[in-house]
Amino acid sequence: MSAETILQVRGLSRRFGGLTAVNDVSFDLTRGEVLGLIGPNGAGKTTMFNLLVGIHRPSSGSIRLKGTETSGLKPNRIAKLGMTKTFQNVALFQESSVLDNVLTGALLHHPVAQARDAAHEMLRRVGLDHIAGKLAGDLSFPERARVEVARALCTRPDILLLDEVMAALNAVEMEEFLALVRDLRKDGLTIVVVEHHMQAIMTMCDRILVLNFGGLIAEGTPREVAHHPAVVEAYLGKAYTGDHGAH
Amino acid sequence: MTQGLQAIVDGILIGGVYAIVSSGLSLVFGIMGVVNFAHAEFLMVGMFVAYFAWAILGLDPLIGSLIALVVVFLAGAGLQRTLIRPILKAPPVAQIFLTVGLMFTLENGALLLFGADYRSVVTSYQTESLHLGGIIVSMPYLFAFLMSVISGGLLWAFMRYSRTGRAMRATAQDPMAAKLVGINTDRMHQIAFGLGVGLTAFGGAVILPYLTVYPTVGSQYVVLMFTVVVLGGLGSVAGAVVGGLAVGVIQALSALVFPMQLQNLVLFVVFIAVLALRPSGLLKGASA
Amino acid sequence: MSLSSSLGNAGTPSLRTLPCRPVLLIAAALGMAGLVPLGLDPQGYTLRVLTLTLLFAAMAQSWNIVGGLANQISLGHAGFFGIGAYTSTILLRDLGVSPWLGMIAGMGLAGLAAAILSVPTFRLKGHYFALVTLAFGEVMRVIANSWSSVTGGPVGISVPFAPNSLWMFQYNTVRPYYYVSLIALVLVSVVFWRIKTGALGYRLRAIKENPDAAEVIGIDTYRAKLMAGLVSAVLTAALGTVYAQFSYFFDPDTIFGVASISVRMALIAIVGGVSLTFGPIVGAFFIIPLEEISNAALAGRAAGLSAFVYGALLIAIILVKPQGLLALFGDLYKRLRKESSR
């Protein structure tokens, strides 16, 4: 695999009043890799995602996406440059059909008619074409998460940030999802996942970053991270005994 | 110099009334989350109640204001139950148009009942004034201001020390938690709405000695009241006091510079600017 | 459906709620609308009311672009309407410019006003947006009232008399105005429908339902709202010119009125069914004749009755059927079918 750096994050911080949610984080992302972002609740994972896609502005630091500085840009600009995310609690357009949700994502590159074709194709790919006509608000949580992934994919991103899309998936759905991720990386997609499901993280990721109190405390392969003393103390020790799927 | 000082004094006297009139609007938003477009109409209702209390019973509007408060409080509590409660959780468009509808029915209901005539009261102190140095303090303005200060103080004490007042504040902060600790939030909403419109009606009554009442008088105050509460932060009663005084002074000072018709324009511009720059209010922005 | 989800939901195209093949139905309705004036007194009262109905349907339809599709509740569309009316009338009065050209000038000015207004409002939602637009309409009213040298001030302004001509957009019968209003309604409705079913419609629905998610999948929320706002303002201004030519005379308090224009536009759309293509049309055919009848019945004796009825109607609609009359008819139709099939 060629080691093209697609995303470069340097000294990224975000403060909310007195709270520092993300504190001086730096990392690189190589095209085509799957990176895991883990850490206890409140460690700053979702804030990190929101900074990357432009929902929050960084207090300081820089984000370079394919060589373009994106900090301070609005999310729609960053999406056009090729980075998008799914939302932790799933943010579908509830009153629209599954097809229309996915179609709206495809509008970034197509006029309506072609966007509809692209949306149908994407729904087939993720195995949701049988519910294309259903209202998004009527779906189960796992279905909604998959629709959101399909919608995000329709924007044809280079980097896709997935925020806990596997929560509440059953074993079969989990397997299907991991297969989809394998499939997507074959197409060269770079993926960052935030997930509480440790086993899934360990199987799917090439590399893992560990956040605690907004700061980066460890980085490495799944195996390295799992045995890192700081990680074990800050996170894994507790999380392994806790309930992973609660959120 | 004296002219400027005089304008500031006038502005504060009027601003005090604006404060009490608008704190009702802010109270309703703070506790129920409803922006009541009909709110200014209750000022008109209060003026009419005070007017008829004077015309029929011979009561001074300053006393009539208490009747206005009670009558409109009860009416408000009833309206809350029938109209406002069903839309509490509805999207803004439903809330906006329900209260806009209420605004029209009140205004035009008054027009149907009382006709378009302008009515005013006669009081002994109407034309009197105090002369302090070079400053003239008109008696009816002063009385209206004092009544506002007293009622504002009572409102503050009520919200702070009474059981009901504290329960109302708890409801505003966290309705779920309030329910859990046994507060009847529905009742709190009813009291808040009644009190909100009641205070505005009270404010309308105390200014009757120096103004005239007619069915569309409320529409003069819609943007004004919203400017006041937006200045201080929607939902903040204390903010409404600061906002009220500020608007009063802005109005009085702009009267020195601009012709009559353009005074409202200054207010609108302030209003749009505040909403655009700090929709959560000037005060809130400073503390958050 | 709960109240919270029912209002302002665009969802499926409204055509589906119609019982028959929609295209045929629309063609038939248009054919009928075209023939109606031939059977009526060209100067008559009925034709006048029908013309107003069509005009207000078109106005409500332009409001529907912002208030329905973009979910930005404007209470200040009278501002744009008045800009259109005053611009063409002043140009005609002072320079003899054809109202059609004046209409274009008014549309330009209204677009400019909408663009300027979008700067302070684009981040505002719900109540706040409504408040600022309300203030905008009032600002325009105050300006028109105080700038007497140009607008004629509170006494109002008259369209100078001219002989019948299409170029000067002036006729001494109602019939031509009826057709102009009908064409205007069709045009505005087509624009609305195109936006609704086009990319902008999808984008606006996305923004309405989840602005953050919309941005993240590449929708420029500011741009989309601005587009909707501009189109709506420009169309409203054009209708202002039509109104000015039709009514010959207007004053600031009417043309910039909160009740007479801004809320009426919104009310008609809401009564019919907000963000539905046929909502404003149904709404107008309900509201305007009702208003005329109630005014005529009481012959000015009861000033304020029509506005009172408005208010009561608004309250009733919001409380009983916030999705509007079209949805109500849909329910009745379904119920009838169920009963007849039993």
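Think of it as A, B and C in the order they're written, each chain with its own count starting at 1.
The rule is short, and it goes like this: a residue touches a chain if its C-beta (ideal position, glycine included) is under 8 Å from a C-beta of that chain, and two chains touch if they have at least 3 such contacts.
Since this is a predicted model, take the numbers as computed values, not measurements.
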Distance-maximising chain from chain A - centres being C-alpha averages: B
Centrality ranking, top chain (CA atoms only): C
Computed distance of Cα centres, chain C from chain A, in Å: 43
Geometric centre distance via CA averages, chain C-chain B, whole Å: 32
Gap in Å, rounded to a whole number, between the CA centres of chain B and chain A: 49
Chain A-touching residues of chain C, taken from the complex the two chains share: 5, 9-11, 197-199, 202-203, 205-206, 209-210, 212-221
Residue numbers on chain A that touch chain C, as the complex places them: 53-55, 74-77, 79-80, 84-85, 87, 91-96, 100, 103-105, 107-108, 111-112, 115, 135, 137, 151-152, 154-155
Interface residues, chain B side, partner chain C - complex: 35, 37, 83, 86-87, 89-98, 100-109, 111-112, 115-116, 215, 219, 222-223, 226, 230, 259, 261-262, 264-265, 268-269, 271-273, 275-277, 279
Chain C to chain B touching residues, read off their complex: 3-4, 7-8, 67, 71, 73, 75, 119-121, 123-128, 130-132, 134-136, 138-139, 142-143, 145-146, 258-259, 263, 266-267, 270, 274, 302-305, 307-308, 310-315, 317-319, 322
